[in-house]
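Shared between the two complexes below is subunit A, which pairs with subunit B and subunit C, respectively.
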Partner chain A sequence: MQELIDKVAELSGQNLYGCYQCGKCSGGCPSVWQMDILPNEVIRLVQTKRVDDALNSKTIWICASCFTCTVRCPRGIDLAKIMEALRQIHLRRNVDHIDIKKVAQGEINELPPIALVGNFRKQTA
Partner chain B sequence: MENRIGVFVCHCGINIATTVDVKAVVAAIKDYPGVVHAEDYIYMCSDPGQGMIQERIRKKSLNGVVVASCSPTLHEVTFRNTVARVGINPYRCEIANIREHCSWVHSDRAEATVKAIKIVKTVIEKVKLNEELTPIAIPITKRALVIGGGIAGIQAALDTANAGYEVILVEKQPSIGGHMIQLSETFPTLDCSQCILTPKMVEVGHHPQIRLYTYSEVEEVSGYVGNFKVRIRKKKRWVDFDKCIGCGICMEKCPVEVPSEFEEGLAKRKAIYIPFPQAVPAKPVIDAAHCLWFQTGKCRICEKLCPTGAIDYEQQEEIIEEEVGAIVVATGYDLYGMENIGEYGGGRYQDVINGLQFERLLSASGPTQGVVRRPSDGKVPKRVAFISCVGSRDPELHKPYCSKVCCMYLTKHAMLYKHRVPDGEAIVFYIDIRSDGKGYEEFVQRAQEEDHVTYIRGKVSKIYENNGELVIMAADTLSGKPLEVSCDLVVLGMAIVPSPGVEELIRKLKIQVDTNGFLTEAHPKLRPVETLTPGIFLAGCGQAPRDIPDTVAQASGAASKALEMFGQEQLHHDPAVATVNEDICSGCGLCVPLCPYEAREIEVIKGKRIAVVNEVLCEGCGSCVAACPSGAAQQRNLQDSQLFRMSEAVTIK
Partner chain C sequence: MRIPYYPGCTLKTTAKNFEDSAIAALKVLNVELVELKRWNCCGTVYSLASDDLMHKLAPVRNLIRVREEDGSKVLTLCSMCYNTLKQANLFFREDKEASEKMNEFMYRERDYEGDVEVLHILGFLRDEIGFDQIAKKVKRKLAGLKVAPYYGCLLLRPGEAAIDDPENPSVFEDLFESLGVQTVDFPYRNECCGAYQTVDQVDLVAERTRKMINLARSIGANILATSCPLCQFNLETRQKDVKGKWTDFEEMPVVYFTQILGAALGVGREDLGFELNLFNPSELIYGE
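Take a look at the complex of A and B:
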């Protein structure tokens, strides 16, 4: 688990232990209403060795990297980079998160092709 | 004199003994030339340890002592007193620092032991040539200067004056009272601030031992402990205080209105004004920057109406010179500006106010007579948000430290608001609640349980205005849910910062401040009210953010430090200072600008230029000694001859 935490720290270049959980990032996040867990909770999960919970959250994918959290953080932590690091770790696991064969024909017909292409690029190995 | 030196090696528990083999040090030293006794002990500073040293001095007729232990800043005085009690001149006792300079900074035991032995040898060589010295006596002026007339300065002045010594209290504002007099009620007992402070202010005003200079500033400080010379500038107030009877007709008729500093801009005052009715002294000053006569050359209404002819447009600044023995610096604080916090409106929203402004809204003598009305439209707010840590605990963008009082005063604000507006809603946004004083935690619990103040754990991210309402964006980190709350009024717990202008004063006093501009104490734990400059003491928020009880305690502490000095017939100064050999000194003057204490100056003695030493000012730093090209400057008990012997002891086999 520590390896995974170190990986998040390395990829993001951030000291995760500097966060004192004030929640200012979550308060100002424009996408927070769509998230399943708060942005500060993402750091909390990593700090407390529950990285998989963070990796399995919707929050890291809803983050649009607008950097509002980053510019307001009193501890100078770039949370947007931590979100990106978690997405990277998720993607580098080389797992297919979407299987074309399991997508219903009706859905394929309804979805715009760009959504499908984007999904395959992001979500498949 | 034959040297009979005793060496005492301390274990300091495990602090030294773990890294340094103390037995090996004793073994290596015991036959060293000049040493007649060497011994180790677990705690040399303890009573048995000191007793052991005294016993060995008597038995073996020692005339010099080396204690190998911690830093001399910690126990040099201890051991010098130990040896003095059995008749040895204290300057024949020296400390070999084998803790801070050795055991604490090394991990290899063998190497550390070798180094410890070397340190001890050098100090033995030093003691061999140490002269017997007598401290330099300095006279004391038993009068104190207190800078700042807030609660810290008031308390320090009263304590000193009540002990029977004269005090000069200098305050730059027209009245004493500081920020405390602006407060409505004080946590956790809800005493009315005016009720508890005004009697003290009046006492200061009438005290036969206190000379009060308001609207005045310290212009220049020279001299040294016990003998400071101070120049105080009394600003032009254009009112003759000897004639003024404080009737107030001038203020009534003055046609100019400007925002009142005392009311934090929430009310107006006149251009000739007393800051508040209970001011001490209760006599007005003219604010020339806004006075019509000074700005346009017309008006002079106050002069026409004054029944005693006290208005004096020709009044000049006055410089007063005073001699004092001790100085208490109680310069206080200010609030960090709201303009620094862009995401909270940067001071643009009328209904986002700071803590002192809310104090005035709560105060019975305030602009709204204690009815909570918001500044924009005078409406009684139905939902008020109180935000803590605004600018504090923010090393990235603002101030890294905790301002200490905000948790408690915001709780008090929320509680008092609920008392005034029982159907209103009070929400406190916090990160951590710091309630570490006596009765403080109980006070916070009372706000929650009895007054139903809502506490939300989450730092507010943004405040914006929407149709006359203030919308707060935050997250409740305890439930994991984002929030948007509309409020009628927002109170910001702004960070506490040192008073503006204090930088200039500290340069005059030659004392230090830390990276945040707060005055630096001599030792963070053991000398918290002293500065590194002897005779200058600290009190109040100028040193660090603190509440009223702590401030009063510290002010009494500073006063007692001054009184400790005044209780002595004369002061004693370390005699281990620079000396000059007048036969060798060429009068080149190189040492004069190098001395940080202004202790060296050129004098013509019998037609010859000599760089003399003022022993009282000299702190023995050694700068002049190192710079002297001829070797005329020497430091007592750290002569060149000693330094050579000390280095020989460890370099030449």
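Take a look at the complex of A and C:
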């Protein structure tokens, strides 16, 4: 488990223990109503050695790296990078989060290239 | 004035109306965009993982292209391209070890030194042309418009890449004011539209679209303006999905701000690419 925590810290470049759980990140997150756990809970799970619960959450995939929490955290923690680190740990096990063959079948010609490239960059290995 | 220009993939495809209207509007302001002779996709999302240098190569390669043509600045229109190039450039400047590695990896290219300045058109209009100068060139009063300016995320965040105050920006409002165009005080102007999730989570993006358009409508707006082709797609095209579910929903056109800028500066409607907009706003803009 410590190995996983170290990996989150390394990939995100953040001091995970700097977070004092004020909840400001969750308060301003525009996606929070679609998440299963709150953004501040994600970091709490990592702090308390429950990285697997964070990895299995829907939240890390709902987060679209909008950087609202990043600019607001009173402790200067870049939570968007912690979310990315968790997604990366999942994807680097060579498991895609989405099935490219199944998504956007009807719309593939209408979607802007930035939508497709962005989506596949964030959600496939 | 001539300035090196990086278009990105989407401005050559679904957002051709953004590129066309920007070129036409800038021409009135005596600015010529000189497209880079060679360029590649910026990668669209800046890679946030500390060890991921691979995905930072694509944006940096574009900055090398700028140097190859002896440029010191590069102008972007798309907010996502702007953000990706800008963040990669900042990373490159700050992390000496990583930048050396990246230069070594790209050994066929000339070494990059982090010396290109990445600009977004909005900041460029404000800082290098000046809104007072733009005001002098206004030819057409767009009296019928009440614009909800929509910044989205990537012009404003993270802070080091922002073109304005991340929490309380004003560049859009100031530009419209100089054009004599009315705006509304739009509370959702810097909230995320759902971005790339539009590919696999249509409902999530449609629900945000519904909230945003309804709010904009309720405070008197009749058009929404943006500078991001993904925001534009989401907030306009996803209104079809909203309408499928909420039959009393009232649609609203979502345009590139350059389409309004161009119209105000006297560009004809045939040069602003309105045929690519889902809800053609030309009658609303031109008032006939």
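Please note the rule applied: the second predicted complex is superposed on the first by the 94 of 125 C-alpha atoms of A that agree within 3 Å, B and C clash if a C-alpha of one lies under 4 Å from a C-alpha of the other, contacts with A are read in each partner's own complex, and residues count from 1 in each chain.
Keep in mind that, in the parts below, contacts are C-beta pairs under 8 Å (C-beta built on N, C-alpha and C of every residue); 3 or more make two chains touch, one makes a residue touch a chain.
Worth saying up front: this structure is predicted, and the values here are computed from it rather than measured.
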item	value
Touching partner for A:17 - first (subunit B), second (subunit C), both, neither	neither
Which superposed partner A:111 touches (first subunit B, second subunit C, both, neither)	second
Touching partner for A:73 - first (subunit B), second (subunit C), both, neither	first
Touch count on subunit A, higher of subunit B and subunit C	C
Touching partner for A:123 - first (subunit B), second (subunit C), both, neither	second
Which superposed partner A:34 touches (first subunit B, second subunit C, both, neither)	second
Partner chain in contact with A:81 - subunit B first, subunit C second, else both or neither	second
On subunit A, positions contacted by subunit B and by subunit C	68
Touching residues (chain side subunit A, partner subunit C) in the complex	10-13, 30-31, 34, 62, 64-68, 70-71, 78, 80-81, 84-85, 88, 98, 103-104, 110-119, 121-123
Complex contact set, residues of subunit C against subunit A	8-10, 13-15, 41, 43-45, 47-52, 55, 78, 80, 153, 156-159, 166-167, 191-192, 194-200, 204, 208, 229-230, 233, 237
Of subunit A, residues touching subunit B in the complex	20-29, 32-33, 37-38, 40-41, 68, 72-76
Subunit B residues touching subunit A - in the complex, by the definition given at the top	343, 389, 393-398, 431, 457-462, 473-477, 480-483
